[in-house]
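What follows is a set of structures for review.
Here come two complexes built around subunit A, the first alongside subunit B, the second alongside subunit C.
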Partner chain A sequence: MASIELPHIAAAARPRAPGLFARLARHLAKNPSALIGVSIYLVFVLVAALAGSIAPYDPIEILFTEDGQLAASLPPSAAHLLGTTNLGRDVFSQLVLGARPSLFVGLTAAVAVATIGSAVGLVAGYLGGWVDRALMRLADLVLGLPFLPFVIVLVALIGPSLQNIVLTVAILLWPNAARVIRSQVLTLSQRQFIEAARVTGAGEWRIMLVHIAPNIVPLAFLYGSIAVGWAILTQASLSFLGFGATDTISWGTMLQDAYASQALDREQFSWFVPPGICLVLVVLAGFLISRGYEELLFPKLGEG
Partner chain B sequence: MAYFGRRFLHMLIVLWAIATILFLLFRLMPTDPSIAHLDPTFTEEQRQLVRAQFGLDRPLFEQYLIYMKNLAEGEFGLSFRQRQPVMGLVLAVLPNTLLLTSSALIVAYLFGALLGASLAWRRGSLFEKISVPLVLATRAAPEFWLGMIVLAIFAFGLNWFPSGGANVAGARYASEWERIFSLDYLRHLVLPVLTLAIYLQGLPALLMRSNMLEIMREEFVTMARMKGLSERRIMLRHAARNALLPLVTAFALGFGQSVGGNVVIENVFSWPGLGRLLVDAVANSDYPLAQGAFLVIAFVLVVMNFIADLMYGLLDPRVVHGEH
Partner chain C sequence: MDPLIEAFGLTKAFPVSRTWRQMLRAERPRLKAVDGIDLTIRRGDSIGLVGESGSGKTTVGRLLLKLTSITSGQLTYRGDHLDRMKGARLRGFRQQAQLVFQNPFDALNPRFNIRRIVAEPLVNLGVPRAEHETRTADSLRLVGLAEPQRYLDRLPHQLSGGQLQRIVLARALVVGPEFLVADEPVSMLDVSVRAGILNLMRDLKERLSLTSFTISHDLTLVRYICSRTLVMYLGRIIEQGPTEEIIARPAHPYTKALIAAVPRPDVDQPRDALPISGAIGSAATPPSGCRLRHRCPYAFARCASEEPPLIEVAPGHTAACHLHIA
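Let's look at the complex of A and B:
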């Protein structure tokens, strides 16, 4: 009877699911670089969440000194940890609040890439035939587009909001995830527990969603984590080129502001070095996590 | 030969598809591409005249056919702003971009291959433990920010190099060759090349390292060891040589990607190249120019991917015979 057999098969379909988090924790302890990556993320998430109370000033408020002068281009001091911009804005406050758009773009793009990649990979791998061929040709085509120029053109046409930047990044990055997930689905379809499910009379959709989908979650997570860094760098580059959202302060807009205001000429390192370091740290954290996670998924690659 | 033909056909299809996507993007957008450049004081009649000039009053499919025919003939239309043929504007800056990209890639791959080889050679050492995260950090750094640091130090701080452009303003040269090989041009080239090379070296370095580590596990290396060859000789003659091959294809792929990725570097250093042209055109809603610059960037990318495919086939004959 199907009703009796099903719990068995469900258990077989997700043989590693309960152990995964335990393995993850153990792996993290053994893998210092992944641990560093996770810690960096936690710090930035905390900063972004508490940004309102950490930042001493309103980031776009024009500040004046006690004697009524514009507080422009001040060097770092106790009152202004990283000095002020040429228009008298507090750099440190901008830096703290700049964590928000970066994390928003990075994390939503990760979710979007993982979702689209899984959906396309599942459908292409499981259905096969012309659906598979059409989707994979589409993936080839998207991978053949020049990344940043395409993002620039598309964002200029649909409007420079953070959501649109996430959308364009997702449009360009799903194929990598979809290809790998598709081949994983092809391998899984040959496995015995799928055969068993079919014998018990499970429908195609049920097999796809209940038996195969849970097994591609780790891969989707891996490609999502890779997308974090790409999305954050893309958003920063777009802001720098002047195509970013103009109403939000991000590390990219800070750098653009510093560049356009001759901060380089005036050697205001405290203005344009910290946003760059924050970008490096967040993107590097993404690299470290995805590398560590890759070793967890494919232990052989980690040797050497 | 059949392999070559198949890849070539594939390349043409990709080019056609990219051109079509771009056509649809620009035409199906809610805003009329001709409005932006039109003076608000234009009368409705003048507006129609301009639209007719650019062929924007015809049915979409007819516009598409004209567009494809023009592209096939290398005709990219007139720039809205400069009123000059787009092709001429694009070709004028193309050498700057190609030169920047190839110089940076050569520096990056020479340095990266050496670094990667020495990382593999000293695996497990402190040098390797520090270098690998450092290399990853250079891949994580935004290119434009690296460029800003380089500018602040070498152009503004030390005053060693100019801060932007490709030639001193107003300089005249007898020919394009003379301009490119002038000392002035090379001085302007140094900082953008340095910045781009810092960003690009990470990939060959990491690739070389993992290739070497993989090869050193193979039998012929064990064989060489058993023959009593010195570790140095094994490394250089056997491991490094074979590990270099995949870098050749990575170089070709990197070239294509970098021509598009240069957009940011060219803007930091005001380098008059394709990327800067694209950004200026998009910022000014000069659609024909933006379209032309984008298509040429895409063309370089697709052609380099094709060349990489061919080289991959040449270096590894199994690819040619196995694929169907």
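Let's look at the complex of A and C:
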């Protein structure tokens, strides 16, 4: 009986089960907050990618008016959409190019935090024993460090480049992700389907990577998107406080310049309000996405 | 016939949390979930293991499948020591011995579709990829899912409990095992689908000439599936023999209580008072002598001082109770 039907099965086109990205996309369509968050990211990623052609001027070029005067502190106009700085630089061009360091810092920090957090959480939770104890005590130690002072000291020691800012943020933020992922791994390890994998001959590595790891991806994603906001704010804070790299134009350095040149006194809102709003939007997007994807942690509830 | 599985003095102890005093005295208290049981399973046997919660039945099942390590004693599968199996021999054993889970809602990876779930043992045991499709479909048909294509691309939460338990069976059978452990195979299912699964298991046992080991708290289920029954209490086997014999002439007071506790559908029918009362104690602190003595109405002085051995009360029927020693 069985063999009669076999050719039929072989001939039938094999529809693929929806993969992770398909499920993420489907979830997105149903979830307005995640959709808004992702849209904000997409806009900023696009702006950062095309920054060179969007920005009308070189952001550090000092501009002069036609009569040879320094184009300092000009109000918004068609030539300068957001006016100019007190040193005659185009604010709009700075804003557009400032998206690059922010997004670079945010996204690489997200990847770093999600990767380290997942790896540590998975190993600690699944292997247990002294490995677990050692990793979790290390996490406790890092969690005890004050965030901004530590970043300032570390960046002062190893230099304020964007890579180093990402590094410090990753060092400080992985424990949060690792702790939560570890607890999820502990729960998953007790599930019967893990025992089923073992009884059907799956090795420990396979159980860890094939049966447990996919179930923690949403959590890693969540902590990654939280890290985006933290990293961008950290970079901006460092720049604003004057510890950042002086040769990069970022939203943080724009705020620092505006502050130092007392733009508020001159009521030059078009200089410092836009970078502030951009920062708020990017950080907000991270939190919107993480909120929206919380449901994805429980796939059964998510897609009834 | 040759024994398939033999156990002598099989023991599994778990460490329990210590009090400060025990830590200071460097004591390591242990809970013996399984405390020195002997067991022989022959090919073609269908053995039932009954006992109440906390008696150690599930641990026995896990030991038989090498899902947990042996603390002491011996356990052999076809003469091979289970605790020494590794690599290729362990894979060979995994192909021979499979498990049917209690809770089908938890026993299937929620992110895998049915195709991947049923083919997973084939992947793990190195069966050539070309065979997966047909063997998966065959296995699903075997468990009564007549149109495998309808299920292959589903995710577990899209199926019903009865269907899921059939998938669990299909996954266990896809590698062609000869020994099947079923741990409370229907306790999580609706009453209406239980009979279907039990009939299927009985039918498969015949068709595939499986050796089965069924763990349950439910004597009626064991009676339906198993020819021989073991009764377990606090880590020890206290009675064993042919199922019908045990149900007709239980020799141990605890077995009598288990039989009396089986619910009957007629609420008006007077029920025998249970011969035992109270609850199963903790295996961390078992009573001296007979482990049932605090709950047993027949207990006498000797029960407190001496642990009764298993003695033959009829051919092939043994019980561990001092009442039968005379």
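Just so it is clear, the second predicted complex is superposed on the first by the 267 of 304 C-alpha atoms of A that agree within 3 Å, B and C clash if a C-alpha of one lies under 4 Å from a C-alpha of the other, contacts with A are read in each partner's own complex, and residues count from 1 in each chain.
We take it that contacts are C-beta pairs under 8 Å (C-beta built on N, C-alpha and C of every residue); 3 or more make two chains touch, one makes a residue touch a chain.
Since the structure is predicted, the reported quantities are computational estimates derived from the model, not experimental observations.
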Which of the two partners, first being subunit B and second being subunit C, lies in contact with A:A49: first, second, both, or neither? neither
In the overlay, answer first, second, both or neither for which of subunit B and subunit C A:A260 touches. neither
Looking at A:A134 after the superposition, I want to know if it touches subunit B, subunit C, both of them or none. Which is it: first, second, both, neither? neither
Should A:I60 be classified as contacting the first partner (subunit B), the second (subunit C), both, or neither? neither
Of the two partners subunit B and subunit C, more of subunit A gets touched by chain B
Touched partner set for A:A197, first subunit B, second subunit C, both or neither: second
Touch test for A:F272: subunit B only (first), subunit C only (second), both, or neither? first
Between subunit B (first) and subunit C (second), which does A:L233 come into contact with in this model arrangement: first, second, both, or neither? first
Determine, under the contact definition given at the top, whether A:L209 touches first (subunit B), second (subunit C), both, or neither. neither
Shared subunit A surface residues [contacts with subunit B and with subunit C]: none
Mind listing the subunit A positions that touch subunit B in their complex? 33, 140-141, 144-150, 152-154, 156-158, 229, 233, 236-237, 240-243, 252, 255, 258-259, 264-265, 267, 269, 272-273, 275-276, 279-281, 283-284, 286-288, 304
Contact residues on subunit C for subunit A in the complex? 65, 67, 90-91, 94-95, 97-99, 101-103, 106-111, 113, 115-116, 120-121, 124-125, 133-134, 137-138, 141, 148-149, 153, 155, 157, 168, 171-172, 175
With touch defined as at the start, can you tell me which subunit B residues reach subunit A in the complex? 14, 17-18, 21-22, 25-26, 29, 123, 133, 136-137, 139-146, 148-149, 151-152, 155-157, 163, 210, 213-214, 217, 257, 259-261, 263-264, 267-268, 275, 278-279, 282-283, 290, 293-294, 297-298, 301-302, 305
Per the touch rule above, subunit A residues touching subunit C in the complex are 1-2, 5-6, 9-10, 12, 15, 17, 191-193, 195-203, 206, 211, 214-215, 299-300
